[in-house]
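Dumping the structure here so I can ask a few things about it.
A, B, C and D label the chains in the order they appear, each numbered from 1.
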Amino acid sequence: MEKDNSVKTMKSAKTLKTAREAGYFGKKMLTDAIKAQEEGHPIGWSMVSWWQGDFIAKAMGMHLVYPENYGAFCAAVRQAEPYLEIADSEGFPNNLCGYARNCLGFAKSLRDNNYVIPEGAPGGGLARPVLLLASGTACDARYKWFQSLGRYLNDVPVWNLEMPQSGVKEYYLKDNKEKNLRFVVKELRNFVSFMENLLKRKLDHDKLKVMLDQALKTLNIAWQVDLLRRAVPSPMVSQDFWSVMIPHFYLPDDPEAYSFYERVYAEVKERVDNGIGAIPNEKYRMMFSELPPWHSIGFFDELSKRYGIAMVMESWNYHAPTPMPEEELDGVTDPLEIIARLTYHKWMEHNEVAREFDTSPGFFNAAYLKWAKEYRADGFFAHPLMSCRPATYTLMHTRNSLEEKLKVPGVVVPGDIIDLRVFNADEGFSKVEAFVETMDHYRDLRKQAGMAW
Amino acid sequence: MFVAGIDIGSTITKIVISNGTEILASMATPTSAEHRRLAFRVMDDALASCFLSYNEIEYIVATGYGRINVPFADQQVTEITCHMRGINFLFPNVRTIIDIGGQDSKGIKVKDGKQVDFIMNDKCAAGTGRFFEQIADVLGVKLEDIGEMSLRSKNPASISSLCTVFAEQEALLRLSEGASIEDILAGIHKANASRIHSMIGKLKIEQDVAITGGGAKNLGLVRALEQRIGFPLVVPPEPLITGALGAALIARETATKLTPQQLKEKKAKRRLEAVTFFDDPKRGSEIVL
Amino acid sequence: MGYTAGLDIGSAYSKAVVFEDGELVSYYVKPTSGNFSLAADLVLEEALQKVGLSLAKLRYIGACGLGVTFISETFNKITELSCHTRGVHYLMPSVRTVIEIGNQSARVMKTTPKGKVADSLVSDKCATGSGRIMQIISKVLRTDLEQFGKLSEKATKPAKFTTNCAVFLETEAISRVAEGTPREDIIAGLNQTLAGKIGSMVHRMRIEADCVMTGGVALNAGLVAMMEKEIGLKIQVPEQPMITGAIGAALITAEKAEN
Amino acid sequence: MSADNKKGLAKAQEIYNNRGKYARSLKEQGKKVFGYFCCYPPIELLTALDIIPVRILGDMDQPVTLADNYLPPVMCIFCRSAFDLGMKGKYDYFDGFVGAHACDGAERTSFIWTNYIKTPCNFHLDIPHTAHDAAVDFFREQLEYFQKELEKFAGRDITPDELRNATMAHNRQRALVREIYSLRKPDPPLISGTEMLTVLIATMGMSVHEGNLLLEEVIQEIKQRENVHEKKSRLMIWGSLIDNAAFTELIESSGLNIVIEDTAIGTRPFWHDIRDTENPLQGIAEHYLKEVLCPRTFRDSGKNYEHDSELRFGYLKDFAKHWKVNGVFANIIRNCDIHGYEVPVIKDYLNGLGIPVLVIEQDYSTASLESLRTRFQAFAETISS
């Protein structure tokens, strides 16, 4: 048996060559921002907004860094603890989002050092922002956290982007979708005027259009990689995905990201064509939800080695969306509207499945119902997070639905994105070991029911 | 003027009898489940040791988690205020107080002799005497020895769980893996010090910092905390009785404000016999503790 | 087939069983008392001695439990969920649901007709829903676990517990004693708390008859009765509810080795 | 039921104790009853169709069991408790369910609720996160859908006058509640925090008209009081809601008088009237987004931290001044993100005004209340010294 500690620091051995190159993009975001600041460009701290705010800010010459990503980064290099402790003694309840607490702790250390990034900050630290770009999508933390940063970034304004999240039934009410989109576009216009006011410069619509075109291309190819992953044996597992997701998720407008995905695509395609699996002896295929334990990704290598488990697909929200139907963009020229449609589509694209299976909310659980069959999943790996309620709220419901409606069972291994204390690899292994028998059993049940996989 | 403070903690019951200027008697004895009877027993002993009777004590303040179970007390005050008063009396320069009790730990901020803020640990045994007690029990060492032992460690074991029950298992695993008891204890103390530190941190730690309660007698914990906080802690000579001392101080202060008549009326209301569940034949249970 | 031993080295108890050609011939249970290696050696030795065997006669050893790595002999490690399921299936083949309450956590397992894990659920990482609490409280009340059932039947007004911490549950129990709550009511309240907690896990599994409860806590008839009420099914308890893990470990190991 | 023979506070207490029984008696009278989450669904629309809105609450007295398998323990315990009651059939009298995106917890719980607890009519309101004009328009459009769904259910339309009258009745309720609040200004207050809670919860389970009658009775009753309550330090509660009188009783028996509570069962739903606008839905939308001051709604940031705090919490300064508050209890139901993030800023702001703050993260369970007593007593000792 490996010692507790060594398991916790288990790094993952990426199977794809291209996945090993992906670390470049994470570092690039941080170092580019520091360089940009030195050159006098404005810096923005941005929440992941599923591309709603990113291109607009960037088209206006702002450099964005992502504190959420920084949290994952600090956790992966095991340097989050000191920041968590600072946030703790600042009085923030210790059950708040781990990313947020990491960021609040960092921001305090930044302020205490007169806004010069303290020596030894992981990855060079986050450059001081002039804007905090919050998002109302997905969770409350992502605007409450930025609001509470005011304590440390005294006069930095917060802008909160709006994105409707209707229920499945409401989504299908007549004209509702178009009304929602109109609201988003109106709000994006407000955001643009806010930015023009803040930066004293105009939005360059042409530049925005170019970035957008590039981004849609990148997202498209990233989606095509996902399609390749339906192959048996799985050509690319979650351990690889969590590395390669960075460029499309944060930098889809970057031509470098696009050419990177061309290479990813080629590598995965080659595996598919030659029937090569990412792991040897694939016996079981599982879908993963939600955020992974960044500090222990190697856990999944171990699952492959011990039980032949391939993690074939993971949380829907970190994936590129399916391409929008052409008619959706027919005659749409306003880049703000294209952005609105893109993000809204990303969030609502699984509503059809949700309606088919009579389950709500569509945006958090329906994707797995669709993918179970497409990716021939034998099981569902649920990873409830101690410090992230929004990602955890619907996990049990997803598992229940998969089991009831598709005879795909689920296993629950609790952990956290940042906090090391919760995740117990040994406990995880012993649960999964027994779960292997369960997957066998449900395979039989699916066969009896005449299901396709 | 004679006054008394009695502090019924979850683990230890403490008493201080004072003549208003100095301590005449002080005692500490383990708390049992039956507080009322216990309160009489320790009070009887303490009174006997300085040849006094209940009636001669002008005012009695009870504190601690069992404070409502002291039938002869004239007033109940929380242990937070009493610890603050006791420490403030002993060390007027102290601004931050850490109290490590049997089943809870607290931080108290003092300014100009007044309590301005406090914090209590939240429903978890981590950072409390109970934690150390359980660990000592599991490791088969004496509770009073663990602090010293932990200081002999050169290579503290990693203890990640702050849940007593799971830390227990972790300690056993480390032990089975070959770690020495000293190293495990050092790990346990380190983990608890970090927990206590982040709780106290919410109050904005200001010097001087005092530590009181049973935890102050654990040298290993005191050192581990000093290492975390970055400067030395003030430790009272008898850290267990600061709460009872504070209670006695409050008793004196209140008594001086009352007229002899009022004091007499107060005394008349004291219940000097423990009527409890255990004495009530109607309840008819055979629990003996 | 010969002799196979099964070991379950738990945080509270160590258990060993010996099988001869698929038949259970001996078992031994003793508290682990904090020393996994010693406990493992001891239970195995005692179990062998009971049937006059020497270690050399054993063809295989299968093992599970928290302290499994401290077993000095060569053994096959198997996960507890599979062991308990299999062990119960051996003792009571008609069982489809197993509720196992260990020292640190509670587990509910559904079993296939062949004794494999059809589905399972493990309680959160908190000692509340575990046997540890019973142990702690029995100490507070100075009562054996076996007495819990009888006492809780006499309860008139079960005490309320809702803290989520074993250590504070102890404090609560002490306070209840101090307040004069009769022991029966404390035990009944504790049983109710546990039954509610574990009962909800069982509900989640949409359990099927027959249902069995294992682990030392199963000796607490009061808890079993309350669980039955909670889940609306009769619950059986094996004569020796603590050895199912060790039985499963032996059986699965033998089976794997033979194939 | 016996509540019929009682008046004022006694009646409120009776209904508070038997919410389910009371709601079922309304159904026996042929009324329709809808459940709603939090203080964001505009219940004026329900009233306009003579549907009784019943606020969904949890029960601090009942351990959560069934909900464990749908909402894991790391979730907001209030939501878990409410859903647990739903799963146990405690709300089986609902003819409809109105969910709301008030916070993550309320939103996801609403969704999960509709999956497992079926009611003839249900609607989810996606409350926008900002109070921008575009957000108000968007919300008003949603209310139009909501209205249509309700009309479909009721089999008849709401006339503008009906909606206007309903809004006026609710505004009347708001005014009456504020009047009771003003009777808490004297020292000691004429009505305790515990009594106030039972009154408010009682009105949240009956028609607005009955509720107004009850409030009028209560006002009359307490105005005639003399020295019912003791003088104690005056406490304001801010934060997550409290829906159990055992909690307020504990506080008020620890040397404190609760004089005002800025919570979702307190001032928040009642402090401002809905404006009469040409399209009545416009005034309703504006009210809920702009005037219900739960920190779940993001308000544009101020010039700097102090200015921002002033914009967001300035109203607390007025509360503190007019209700002569000695200290504030910041109540955080464990895992309530919305209020959790505000802990340092609310402390900064109120301490800056010289007001001590007691922060407690609690587990929403009556069994764990007693362990909080020392904190409240120590806080009372702190603010009285």
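The working rule: a contact is a pair of C-beta atoms (placed from the backbone, for glycine too) under 8 Å apart; a residue touches a chain by one contact, two chains touch by 3 or more.
Every value quoted in this text rests on a predicted model; they were computed, and no experiment measured them.
With every chain reduced to the mean of its CA atoms, the largest distance from chain C is reached by D.
A count of C-beta contacts for the chain pairs A-C and C-D puts A-C on top. Centroid to centroid, with C-alpha atoms defining each point, chain B and chain C lie 38 Å apart. Separation between the centroids of chain C and chain D, computed from CA atoms only, is 45 Å. Look at where the CA atoms of chain A average out and do the same for chain B: the two points lie 48 Å apart. Across the assembly, chain D contributes residues 69, 361, 363, 368, 371 that each touch 2 or more other chains. Within chain C, the positions touching two or more other chains are listed as 69, 124-125, 163-164, 168.
Annotation for chain B: residues 123, 173 touch two or more other chains. Arrangement of the chains shown, judged by which pairs touch: all-to-all, with no pair of chains left without contact. If you check the complex, the residues on chain B that touch chain A are 158, 160-162, 170, 173, 177, 194, 197-198, 200-202. Note for the complex: chain A touches chain C at residues 1, 409, 412, 414, 422, 424, 427, 429-431, 433-435, 437-438, 440-441. Chain A contributes residues 3-5, 85, 88-91, 94, 420-421 to its touches with chain B in the complex. Interface residues of chain C facing chain A in the complex, by the touch rule stated above, are 68-69, 78-82, 85, 109, 112, 116-122, 124-125. Of all residues in chain D, only 69-72, 74-76, 99, 101, 103-105, 107-112, 114-115, 122-124, 126, 128-130, 132, 134-135, 137-138, 141-142, 145, 295-296, 298, 300-301, 303-305, 308-309, 332, 334-335, 337-338, 340-345, 347-348, 359, 361 touch chain A in the complex they form.
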